[in-house]
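Okay, structure first, notes after.
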Amino acid sequence: MAGKKGDWMPEKGIINTKQFVWLLFIMISAFATMQLPGMLIMQAGRDAWLSILGAWLLDVMLALVYAYMGIRFPGENLVQYSITILGKYLGRLVGILFPLFFLLVCTIVLRGSAQLVNIVFLPRTPLNVILVTSYLVSALIARKGLEAIARMTELLGPLYLLSIITLSFLVLPAFHMSRLLPQFDNGVTPFLTGAPLILTNFGVCIIMAMYIPLCNRPENGFLAKFSAVSMGALVVCLVTALSVGIFGIEDAQYMSSPGIQLAKMINFSNYIERVEMIWLLFLVGSTIVASSSLIWAFGQGIAQITGLKTYKPLIYPGALISLALGILSFPSSLQHTNFYHYTFPIVAAFVEVGLELLLFAVALILHKRGTA
Amino acid sequence: MRPFRFGKMKKASEPELIQPRVAEVETELENPKLSSSLADNQTTMQTIFTNCPDFMYRELKIGQERVPVLLLYMNGLTDEQTVNGDILKSLVNIKSSNIIVSGSNTIEIIKNIFLEIGNITEITTIGEVEEAVLTGSVVLLLEGTSKALKIGTKGFDGRIVSEPATEGVVRGPREGFTESLQKNTAMLRRKIKTPNLKLEKFVLGRVTKTEVNIAYLDGTVNSKVVDEVKKRLSLIDVDSVLESAYIEEMIEDEPFSVFPQIDHSEKPDKIAAAIVQGQVAIFTDGTPFVLIVPTMMTQFLQSSEDYYDRSIYATSIRLVRFVFLTLALLLPALYIAITTFHRGLLPTSLLISITAAREGAPFPTVIEVLTMEVTFEALREAGLRLPKPVGQAVSIVGGLVIGEAAVQASMVSPVTVIIVALTGIASFGIPSYSFALAIRILRFGMIALASTLGLYGVLLGVLVMSAHLVSLRSFGVPYMAPFAPFNLKDMKDSLIRLPWWAMGDRPRLIAKNNNNRQRQKFFLKPVPPDDNEK
Amino acid sequence: MTVLMMFTALAIGLAEGLPLKKKGQRRELVVMTTLLAMTILLAVGHYLALPSPLVLLERWLEPVGKAIFK
Amino acid sequence: MRKLVLIMVCLSIALLLTGCWDYKEVDRLATVMAIGVDRVPGSEIILLTVQIASTQGNGSNKQTGGQRGDGGPAYTVMNSEGKSLSEAIRNLGAQSTRRILISHCKLIVIGEGLAKTGIGEIVDDLKRDRQFRRTDRILTTDKTAKEILEKDIALEQVPARGLDLIMQNFETAGPVLPVNCNDFFVRLNEDPHVSSTPFAQLQDIDKEVTRQLEKAVGRPLDSEGKPKTLTIAKTAIFKDQRMVGVLNEEDTRAHRWLMDSPKGSSITLTYTPKAQPNEEKGEIQLDIIDGKTTIMPQISENGITMNIDMRAKVSLHETGSADVNVRDAQKIEQIQQQAEEAMKRQLEHTIDTAQKELKSDYVGFSENLHNSFPVDWKQVKDQWDNIFPTVNYHVSCEVEILNTSIISNPTLRSEPEE
C-alpha cells in the first residue's frame, strides 16, 4: 500500500489560490486584531484607522517584491532563493533568519492569545497550561502539513471574517462618530509613525513566500496577497475605528485587547449580551491555526537550510523551542506587550523589508534567476 | 497476512514492491490439475469432503458407450429442480440421441449440445472443482478427460426483498438489498440499464470464499479510483469475510480514525445514485450492506429521501441535520463549560433557574452528565439488542426511572436530564448510524475537555477534530469536500440540495473529468408556457 | 519548569527520533536533536538566571523602538 | 500513529494531574445583580452593597410553579467595606459561602457621599476588573446606595432587574438620558471632563397622595406603612470625578435634548390663544416622535457663538382643557409656535444653569467646537472652564405637528373660543 497518498498528493500545487488567500488572511488578522489596535491607538490616536490604510498601501507594494521574487525563482521559497542568490554559506546565514523570525512571531502570537485567554476566560488556570495546550494543538495541526492547515483556514477564515463583521454590526449602537473626530488633530506625525507599526505586523505575511512554491498557480501570489491584506486591513480597520468611536482614544489606547472589549460592549436589545467569549473563541482559534502555519514554515525553512528530506520531525522540537521562549522570556504580560510594541517592529522591519529588499537588489545586480 | 499499512511513509515510486496477488499463480501452486481418470478424481473429492454428509455425488453412464459421468454438488446449495429436471434429464437424453459421445471432445459436445443450462464453464483444477461445489454449482466430471464442467445451478432460498430496516423513507423505493449477491446485483441492473455498468468479481476469504463484486459506471467513474479499489481489494488475504465491514476496515485510508471513511447502504436506489454520480459500489455476498467509495463527510448527513423531497424542504432538513450534528457532538460539553466556567453566557434569568435547579444536587455537573450519558448509551444498547417487545419496555422503564425518579429523588438536576435527552434526540437525527457512533465517542472527549478547560478546551477539541477531518481522504477524495477544499459547484449537493434541474454536474472530486450529467447546454428548469407564444 | 521542559524534549526526541533512526535518516536526527538541545539549553539557562535570547534582543533594540514609537 | 497516541497519553496525563482550576459549580456561586458604592464620610473606606439573586425556594422543589412557595424574598443584600472597591468585593468572601459572580451585574449605584467626594478610584477598579462590563448602567442617588438596593420595586422580584428595566425604557423614550459605564467613563475622560448619570430618589409619593386624598374626602384613609417609592427623573452632573450638581426634571429633559436627541421625549406647554394673551387655556402635551438637535459653533471677533438648532416632529397627545380646534391650520400654527418658544425657554434655562450655576459643560459645546474647529479648540482648550460661561449661544427651535393621535378635536366642548 506504499505511496498511496503520494499518488493523490503531489508535493507541488497542494494549495489553491483561494486557500492561499485564507491562509494569509488568518495570519494577518489573527495577529493584528489581538493587541495591535490598542498600541496603534496609543501611537496614532484618532488617525489610527487611517494609518492602517497607509500601511495597507505600503504592504501591497512590499507584496509586489515578494510576488516578483516568487516568479523569478519558480518553485523556490524565500529560504531557498536566498541560498541561490547569496551562495551556500552567506545564503544559509541569511536564510535561517526567516524561519527564526517565523518562530519569533509564533512565540508572540501564542503568548498573546494565551494571556488573553488567561485574563478573560480562565483567570485561575495557570498561564503555562494554556500555553502548552495551545502549542500542542498548533503543532498537531502543523504536523499534518500545509494542505491540512490551508483547509483549516478555509473553514475558519470565513467564519472569522463573518464574526468580526457581525461584531461590528452588534456594537454599532454604541458607536459615536464624534469620538472619532477630528482627524489629523495632531498633524500627520501620528499617522506617519502609526503606519510602520502596523506595516511590521501586516508584514508577517512574508510567509507567502513560503507558500508560493506550493501553490498550484504561483503567478497568483500577488493577487492572493492583495486580497488577503485588503481583508485583513478592513478587519483591523473596523476594530480600530470602532474602538476609538466607542471607548474614545483615552481609554482605548490602554486596553490590552480592544477587540475583546468591543465584544464585551455587545448588548443588542438587552438580549444578546456577554458574548465576548464566543468571539474570543474565533480569535483564539485563528491564532492557533495561524501559529501552526508559522511553526510549519519554521520546520520547512530549517529543513531546507540543512538539506533534509522531510520537515516533519522538526515540528515538535520547533514548537517546543517557541514554547520555551514564550514561557521563559516574559515574566509578565507587561514585558510581552513592551516587547511586542518596541522591539518586535524593529526586528520585523529588518527581516521583512531589509532582508528581502537586499535579496531583491542582489538578485537584480547579479542577474540571478531561478533554474526551474 | 495483509501487509500492515504504514505504507504511506514510503515514497510514491515504490508501489511495485508489493505485488498484487495474482490468482493463477497461486492456484497452480496449491491446486493440482484434475486427473483424467474419473475414479481418481472421485477419490480425491471424497477425501476432501470427508464428513460432509451434504456433499452429494451421483454417478451415471451416458451415451451409447456408457461413458461414466460423475455429478458433484452440495445438497441445499443447488436448485434441486435444475439438478433433477434439467441436468439429469439432458444427460439421460444423450442415450437417445444419435450423436456419438466419445473421445476427447465429449465434454465439448455435452456442454455445447446437450445441457439445457445457460451458465456453464470449463474448469480444470481440483481447487476450482472444490470452489464450484462449495458455491453451489454442479460439477460434471467425465471419464477420460481432465476437464470438468461447472454448471451454475445456484439455488438458495434467501430472504425475499423487503423494506430495509435501517433506512426508512416516507417517499422513495421500499426495496432493500438481501443477503444474496446475485439478487442484489440484479436489483442494481434493473435500475441502471446500460452495458457501461461494470461488475467485477473478487473472491475473498480463504475459508469463506465470499464473493465480492465491485460495480461502477464506465465512462463516468474516475478510473484511478477503480484501480485503487481493485488494488486494495486484491491485497486482502484473510480467512473470512462475513460482512462488508471486514472489507471496509481493510481498505479504508486511515485505520485509526473514529470517523467512518466508507459509506454503506442497503437501498438499491441509493447505491444506484452513487454509481451514477461516479462512485464505486462494493457488493459483498451474505450481507445486504453495500459499500460506497469514495465517501465524503456530507454523505453521512444525507438521506436518500433528500432527493425525493422538494428541494427547499430537503435543504432545510439538511441544515437542521448540521445543527443536530453540532448538538450531538457539543451540547453536553457546552452545558458543562458554560455552567461551570462561563456563566456570563447565560441569560440572567436562565442562570438563576439553573442555579435553583442544581441547589442541593449531590454530584458535580460533570459526573452528573457523564452518568446520564452512559446510562443513556446503555439504555439505547439494551433497547437495540433485546427482542422488540422487551426493548420497548426497557425504554419506558429507562425514561421513567431516569427522567422522572432520579429528578424526584434529587439525585440528578432536571437540566442535565433535558440536556442529555436533547443530545440523544440530536444524535438520532444523524442519518448514518456509523457516523453517529463516531460522534457519540467524540462527545465524551469533548466533555472531558470542557470540564478541564471550559470553552477553550472545547475549542481545542474542535480544532484537533477538524484538523483530523480535513486531512482525511477517502480514496483520494478529501473527506471534508466540498467545504475544505471549498468548491462552489459541488456545494449544490452538500449543505443545500438544489432542484434536480439545476444539478447539471456530477461532483467534481468524484467524477473528475466526466462530470456532465445533463447533455443539454441549457438548464432543464421548467418554464411555464409563454403566453406570447399563442 | 526546567525539568518539565527537559522531560518533554526527551519525550519528543524518543517519539520522533526512533522512527528516524529506524529509517536511517541520520541528518534529520541530528538537526532534530540540535533543536531539542537548544530547548534544553534555554531551560537550563533560565534555571541559571541567564537572560533568554529575546531578552537580549530587547535590551538591544528597545531603545531604538522607544525612539520611534510612543 | 504511535506518536499521536503517545501525545494523547501525555496530554491526558497532564490534564488529569493538573485538574480544573476555574471549574466552579453553578450552585456555588452568588450572582450579583447590582452593586452599590458608598463612602464613609470623611474617610477612605468604601461601603459596598451587593444585591444577590436568591435561588432559595425558586427551584426544583417548587412543584406548583408560578408563585414562590415560602414567600422568602428573591434577593439578598450583602454589605462589606474596604479601602477600595476591589478590596470590598474581596471582603465579601468573608461572609459569603459562595463565590461572588459579578459578570451578570447590570447596575452600579453610587451614593451621594461618594459622588461628592470623588469616584476616581472606583472608576479605575470598574475598568480593570474583567467581570464588570462597560454596558453596566450607572446611577447616582441622593441617598445612600444601600437604601436604593434594599428597596423593593413593584412588580419585579429582583429590584436590580426593575431598575435596569426602568433604564431600558429610558433608552427609547423618557426624559432622562440613560448612561452606561462606557459613556460615563468616556465623557469623563474626554475634554470638558463632564459627565452625567440618571439620579434616583426615594420619595414618599404614596404618603403625599394619601394626604391629598384625605383632605379631599375629609376622613382618614388607611395608609400605614406604605413604603417610599423609587423614582428616577433627575440627572446628576459629574465634573472631574465629582458630582457638582443635580438637574431638575425640566433641565433633565433639555439635557437629553441637547446631548442625545429630543426623540421619545415630550413637551408640555400652557396654551394661550393669541386672541386672549392673558387667558390661559390649559395644558397641552406634545410627544416628540422624531427630532434632531445640532449645535454649530461659530467663531467671530466677539468670541465663540453656539448656534443650537432643534427640530422636532411631534404628535399632539393631550389638549387637556384647552379647547382648541386642531383642524384649524392657524391654531396648529399657534400651538407649534408656542411649543417652539417653550422648548427654547427650556434649552436656554438649561444652558444658563450649566454656564452660571454648575460651570460645567454638560451641554456638549466643547465637543462640537473640537470637531468643527480643531485648531481653534487647541487654543481655548486649557482655559475652557473659564471660557465656557462666557460663550454666547443662540437657540432656534422648530416644531412640526405630524398628527393628533387617534382623534382630532377634543370631544368635550366648552364655550367657543373667539
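Order of writing sets the chain letters: A, B, C and D. Residues in each chain are counted from 1.
Simple rule for what comes next: a residue touches a chain if its C-beta (ideal position, glycine included) is under 8 Å from a C-beta of that chain, and two chains touch if they have at least 3 such contacts.
Since the structure is predicted, the reported quantities are computational estimates derived from the model, not experimental observations.
Located most centrally within the structure is A, per distance between chain CA means and the overall CA mean. By number of C-beta pairs in contact, A-B leads when A-D and A-B are compared.
Remark: chain A and chain B have CA centroids separated by 45 Å (rounded to whole angstrom). Distance from the chain B centre to the chain D centre is 67 Å, each centre being the mean of its Cα atoms. In whole angstrom, the spacing between the mean C-alpha positions of chain A and chain C is 22. In chain A, 121-122, 125, 129, 133, 140, 274 are the positions where the chain touches two or more neighbouring chains simultaneously. Counting only residues that touch two or more partner chains, chain D has 4, 7, 18, 22, 103-104.
Shown for chain C are the residues in touch with two or more other chains, namely 15-16.
Of all residues in chain C, those touching chain A in their complex are 1, 5, 8-9, 12, 15-17, 20, 25, 27-29, 31-32, 35-36, 38-39, 42-43, 45-46, 52-55, 57-58, 61-62, 64-66, 68-70. If you check the complex, the residues on chain A that touch chain D are 119-126, 129, 132-133, 136, 140, 174, 178-179, 181-182, 184-185, 246-248, 250-251, 261, 264-267, 270, 273-274. Chain A meets chain C in the complex at residues 39, 42-43, 104, 107, 128, 193, 196-197, 302-303, 306-310, 313-314, 316-318, 320-321, 324-325, 327-330, 338-339, 341-343, 345-347.
Taken together, the chain B residues at the contact with chain A in this complex read 3, 5, 7-15, 17-18, 224, 228, 232, 235, 253, 341-342, 344-345, 347, 453-457, 459-460, 462-464, 466-468, 470-471, 473, 476, 478, 480, 483-486.
Residues 1-9, 16, 18-19, 117, 121-122, 125, 129-130, 133-134, 137, 140-141, 144-145, 147-148, 150-152, 154-155, 271, 274-275, 277-278, 281, 284-285, 288-289 of chain A touch chain B in their complex.
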